[in-house]
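Dropping the structure in here first, questions after.
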Amino acid sequence: GACRVSMSMTEIRAGFTAIKANIQSRDPIRTLSILSHPHSLHKVKSSDRCCITHQLFTFYVDKVFKHCRTEDSFVNRKISSIANSFLSVRRKLGQCREQNNCVCGEESTEKFKQILANYEGLNVTSAAMKSLGELDILLDWMEKSR
Amino acid sequence: SGELYCSLPNPRNVRFESINMKNVLHWSAPEGTGDGVLYKVKYAVYGVGKWIRKPECRNLNRTWCDLSSETSDYEEQYYASVKAFLNGTCSGWMETTRFNPLTDTKIDPPMVNVSSTDRSISIILTAPEKWKRSPEEESISMIQVYPGLQYNVSVLNKKTKKRWFFSISNNTLVVPWLEPGTAYCVSAQIHVTTPVLDSDFSKEHCITTLKDK
Amino acid sequence: DALLPAPQSISILSTNMKHFLTWSPVIVQGATVRYSVEFQGEYEREYANGSWIPISECSLTTATVCNITEDISATVAYKLRVRAELGATRSRWGTTKGFFNRAMTSLTPPLLRVVADGHHLLVELADMGPSFQFRLLYWKKSQESRVQQKVVKEVSSMVHLDTMEAGAEYCVKAQTHVEAINRSSSFSPTQCVMAQGDTSVWLV
């Protein structure tokens, strides 16, 4: 069956929009992307979409948010809001995986390997801040493929 | 050619102004410079390793450059940058923030077409089209770009001054059981919930229902 | 620090997705005691070494209430804590007992005004914030079994519900729905209005 996860995309979007300029200004590297190059999320097959989404939410929860602490209290609070929302959604996606509704194909495994390679190609703080700054790439892709 | 020693102040407020994904780079002249400043522009696809010069925006004596063609893939994000030249000296490159056509564009109001009978009005709404390179190119409606797009429609009874609101997903609305011989004014707005994008309301289109037969 | 007692009776009041932390004042004769509030979501507990995040609007406040709505913005378990401060002296933290999840918020029925304008059935709804949708049920008074439904996601002043048969009475009731916590309020009281009668001119 399909994996249906209700999530308040509007809240996550609002949280990210509030800090987008601040976070992206901390990422000086124009020539590298974690999520969108060399392979675009938009090329992922629909059958792999659930798995990639679950892997990416796990990636953000496990690797990204904890390295994005800033000196700005407002930014930290918005990051906390997004992180806790991701945790809530990741849990629901995990339940789909347990019910075998979120199967990982070869393509999504390869795509996710590429993302991790991009991430590990930078020092951890730069990689985390760049990944957080690319959250709209993930959200745009999720909304388009809803 | 080697870069000159750049002592000119930088261009200011370099940003994209985008309407229906017609993406135009705008900037203000460097502080304290009068006429005669020339500019050149480059842009980059975020995550791709090179800056690309735009030939048509070299030795530019105006403060905008249309990058719609270069930024038409809205699944990508972009940076653009501007450099100023005056009397043999130059400024540094001044960059935009990261530009995401999907979330950073502004959508025009829908086109509103209204017809009436004696006791009803029919409203047909047309969402604007995404910018395209030439009239021959295939049109893409903003509905295709934002599948969750909806319309908010306002109908004002000019006699009673009462205004009603409708929220519809398809592009037609018939309002029956109206007063004959009465003027109704219709305006509509495009509403996208996520990303949050609302157009302005269109200007009002007024029509009078026919007199009772 | 032990001289300054920690705030007591710490609790959270949550109605319609608006959440407030409250506590009893710490009384020190002739002095103004201030308070600071911090929150911790499930993410901070499990992935960020149990870190706490200050709420700047409630740092060094003299109030004994703090609006935590903006920070309780995910459907996970949160903890809140508050301490008293008097000059350089700080009390220990007083922490909420158990966890708070916004899914526990109490939802009240929407405020609704039903209007008949000629043959048109309209409703006016009080705005309750971006988290809220409204589910409206309406029916012709004599046909209670044929209930119709409309979901209103965004409140604007006068929402058009439907057209009514001439002279008929229509009834409406509404409940709120919060997608983020997948819960709905109870229904508002039913309101009924009369459609304008037929105004056709009869030739005698």
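Per-chain residue numbering starts at 1, and chain names A, B and C are given in the order in which the chains are listed.
Throughout what follows, a contact is a pair of C-beta atoms (placed from the backbone, for glycine too) under 8 Å apart; a residue touches a chain by one contact, two chains touch by 3 or more.
Quick caveat: nothing in here was measured; it's all calculated off a predicted structure.
> Going by the touch rule set out above, what shape does the chain contact graph take here: line, ring, star, complete or other?
Graph shape here is complete: every pair of chains touches.
> If you tally the C-beta contacts for A-C and for B-C, which one comes out higher?
Here the pair linked by more C-beta pairs in contact is A-C.
> What is the distance, in whole Å, between the centres of chain A and chain C, each centre taken as the mean of its C-alpha atoms?
Distance between chain centres, rounded to whole Å: 29 Å.
> Compute the distance, rounded to whole Å, between the mean C-alpha positions of chain B and chain C.
35
> Touching two or more other chains, which residues of chain B qualify?
Residue numbers touching two or more other chains: 193.
> Quick one: which residues in chain C touch 2 or more of the other chains?
none
> Hunt down the residues of chain A that sit against at least two other chains at once, touch-wise.
10, 14
> Within their complex, state which residues of chain C touch chain B.
Listed in rising order, the residues of chain C that touch chain B are 117-120, 122, 152-154, 156-160, 163-164.
> Quick one: which bits of chain A touch chain C in the complex? Just the residue numbers, please.
Its residues touching chain C are 6, 8, 10-11, 14-15, 61-62, 65-66, 73-74, 76-77, 80-81, 83-88.
> Quick check: in the complex, which residue numbers of chain B touch chain C?
Contacts found on chain B: 152, 154-155, 157, 160, 162-167, 175-179, 191, 193.
> Sort out for me which residues of chain B touch chain A in the complex.
44, 46-50, 75-77, 79, 97-98, 100, 102-103, 147-148, 193-196
> In the complex formed with chain B, which residues of chain A make contact?
Touching chain B from chain A are residues 9-10, 13-14, 17, 21, 24-25, 30-33, 36-37, 40, 42, 133, 136-137, 139-140, 143-144, 146.
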